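Both of the next two complexes hold chain A, though its partner changes from chain B to chain C.
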Partner chain A sequence: MAKVNTIMCICPAGLGSSLILSMNVEKVLEKLGRTDIVVKHSSLGDTYNGCADLLVVSADVYDQVKQYAPTVAIHNLINKDHIYEVLKQYFDENPDA
Partner chain B sequence: MVGKMYIKDILKPENVEIIESVTDWKDAIIKGTRKLIEGGFITHEYTEAIIANALKFNAYFVLCPGIALLHASSNDGVNETQLSLTYVKEPFRFEGKEEDVNLLIGMAASEGNDHMEAIKQIAIILSDNENMKKALNPQTAEELYDLFTSIDIL
Partner chain C sequence: MGFFVFLLDFLIQLLSNASILISLFIMAGMMVRKKKTTEIITSIIKTLLGFNLISGSSTFIVGSIIPLNTMTATAFGFTGVVPSNEACYGAAAGQFGTALSGIIIAAMAINIVIAKFTRFSFIYLTGHEMMWVSTCCAFVFSAAGLPLWQIIVAGGLVTGMYMAIFPSLIHKDVCKITGSQEISIAHTGSVLYWVAARFAALVGDPKDSIEDAKIPEGMAFLKDWNVSLSLVMFALYFVVSVVCLIAVPGLVEKAFGEGVNFIIGSINYALQFTTGVFILMAGVRLVVGEIVPSFRGISEKFIPNAVASLDIPIVYPYYPTGTLVGFLCCTVAFILAFFVNIALHNAVPAFPVILPNVINAFYYGATYACVANPNGGKRGVILATLIIGFFTHFAPGFLIWLGGLEVSGTTFGGADTVLIGVILNTLNKFIGNAVFYVIIALFVLVLVFGHRKKDGKKEVE
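Presenting the complex of A and B:
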């Protein structure tokens, strides 16, 4: 498992849900001490193999993107505690990430 | 408009409303975007694009229990960046989702990232529990408008 340098948040439109999620992911990464990671947001149409080291997406689009990169699903885009738990679990399970 | 757009720059009081109910989730998308169509900020194609996306991907725009950010892409029929708020008293559900939804944030974002500041503000407002309670149970449209526009500029 390679080190995570980039995270991309995806939603079909690429400018609403993905944007809110990317903002909250950035805040959570600060708390996790991973401000080295660059967070971007984009649309489904702009997703491709290796577009990021980790995809953080709404659970609704998980199946659409999981083939492009390691992906974690978020169920509540506003709840930073939930996002924190999901990301922390990922980094705990992938210590090299 | 040039420069950063904050919520108060792109939300008009007349585009904040409280309605009793919707017949189903498609009706919710139609009612949640009609103010933007009436104001000329979007075309009806934008509304149809949101419905099409919801059919294709489930209602990915449900941010959290209670709140949906209705939006599609800039080139789906956006004339001008603008927000609207529609509070539906009777909760309903989008197909494939388990959460009850009451608040519909209609969002039209034209090309570029002008709407980013407003989205940041929305995220900040909704991260506060008291605000969330008010957003999900406003007594008047004015109260809802004030909740979203009285946040300090970042």
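Presenting the complex of A and C:
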């Protein structure tokens, strides 16, 4: 896996949930010592090949976006511990990322 | 003297510019959060760009609705209204610029005041939904002829009270879904979500969860707005133009332009509508993406134990099957309701024909399902989405009929905006401009009688 420079958070409309998710992901990245990563957020329709290095998405849209980039699903968008676990696991499994 | 006039003129233009006003607010919020200058500059430019995208999008949206209205008006004798929050906001933003920005900023301040001093300790973090309510207030108060400062004060109070109080309606149901007290839902459908939850509790059994059911996943691609909107708008254009071709010769040429094939015309205009919504959403995303972190930063400073109220898709991951079932049932309900709506319009001409909007079907249906499942299980989900969904279709009609809110063939779709619009407009009809003082009195009542509950709620931070 290539190095992660950008993360895109995605929910159906790209307005509310993905914004909250991106704010939480930013906080979790601080904890992981990865403040070099830029976190963006957008909608299902705005997702395309290469829009980001890693997609961190609401679990209900996982199947629709996983084709575009490496994707992790978040089941509880407001639980930072859960987001931490998921991201930590991703970075542990992909040491180059 | 010349310089003072120049300065005064500059300041007036600066502060009466809607996007600059919001930018100043965001700048203040970022300074409170001690952000770097470069980050502040980026945020301000993103906000200004966002506003430009929003105003640019209305050309597409309004332009794509005109041919549809031309055809339905002549062939069926009615002008259909598209109940789309985004389109309505896009069309109205230009008219009420300064009032709207003023209301948004005032509303956030009022939300923080109420959350701080009363039991309604909810912070409304769904920035775009807040914009819809603000627009609704700006529209009704402008129509009532209040002066600008009263529009901003009254609109800010109404929107601010709405933001602090309405999430409390469904907080308990959201707790049942997420299993924690931390969040509530901030969305302009909350009144009907509450109704759906109570209705589901009546008809169903919470132990029989919808998530045990198996359904085909083939419909999931419709969750993408661009896809579902384009398909539905195309179907709408196609059906209407076929009927027009048969019934009224020459009308389709008039609507689509000379020599344009009706299928090609339908595709063009359907995609033009979606393009408009796409641009608009990009703009709203830029603006909201800057407002919300500032608002959250400020509110966390003043009220650390407030309940954050978020957009509805936050609960969708808990019930993926329910979300899909709700969406499908609600779409069916909307289409049935549309035909009843046409009959109703023929009986009561003042009641407008609302065109079924698939975005509303998705958000309402999915959320009805999410709040219904923990209260009424599978039976509750299906019956609530079908029956409450059926009535949801008519809600925007009341907003136009009793609230008078219609902008360029669109109106708001949310039940809360309907409720607020209708109440304000009715009040205004009976007591005229005294509505301003009624709202101030209401605000005082909320502060006096909503005294603070002592048991602090825990915060996720």
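In this text, the second predicted complex is superposed on the first by the 97 of 97 C-alpha atoms of A that agree within 3 Å, B and C clash if a C-alpha of one lies under 4 Å from a C-alpha of the other, contacts with A are read in each partner's own complex, and residues count from 1 in each chain.
Just so we're on the same page, contacts are C-beta pairs under 8 Å (C-beta built on N, C-alpha and C of every residue); 3 or more make two chains touch, one makes a residue touch a chain.
Since this is a predicted model, take the numbers as computed values, not measurements.
Shared-chain residue A:71: touches no atom of chain B or chain C. Taking chain A as the reference, the larger set of touched residues comes from C, when chain B and chain C are compared. In the superposed pair of complexes, A:16 makes contact with chain B and with chain C alike.
Contacts of A:42 after superposition on the shared chain: chain C is touched, whereas chain B is not.
Comparing the two interfaces of chain A, the one with chain B and the one with chain C have residues 11-17, 19-20, 23, 43-44, 58, 60-61, 64, 76-80 in common. Within the complex formed with chain B, the chain A residues making contact are 11-17, 19-20, 23-24, 43-44, 58, 60-61, 64, 76-80.
Within the complex, the chain B residues that touch chain A are 53, 56-61, 63-65, 67, 69, 71-74, 76, 96-97, 107, 109, 113, 115-116, 119-120, 122-123, 126-127. Put simply, chain A touches chain C in their complex at residues 11-17, 19-20, 23, 41-46, 58-61, 63-64, 73-80.
Chain C makes touch with chain A in their complex at residues 125-129, 178, 182-183, 217, 220-221, 223-227, 278, 281-282, 284-285, 288-289, 292-293, 296, 308, 310-314, 316-318, 320, 323, 362, 460.
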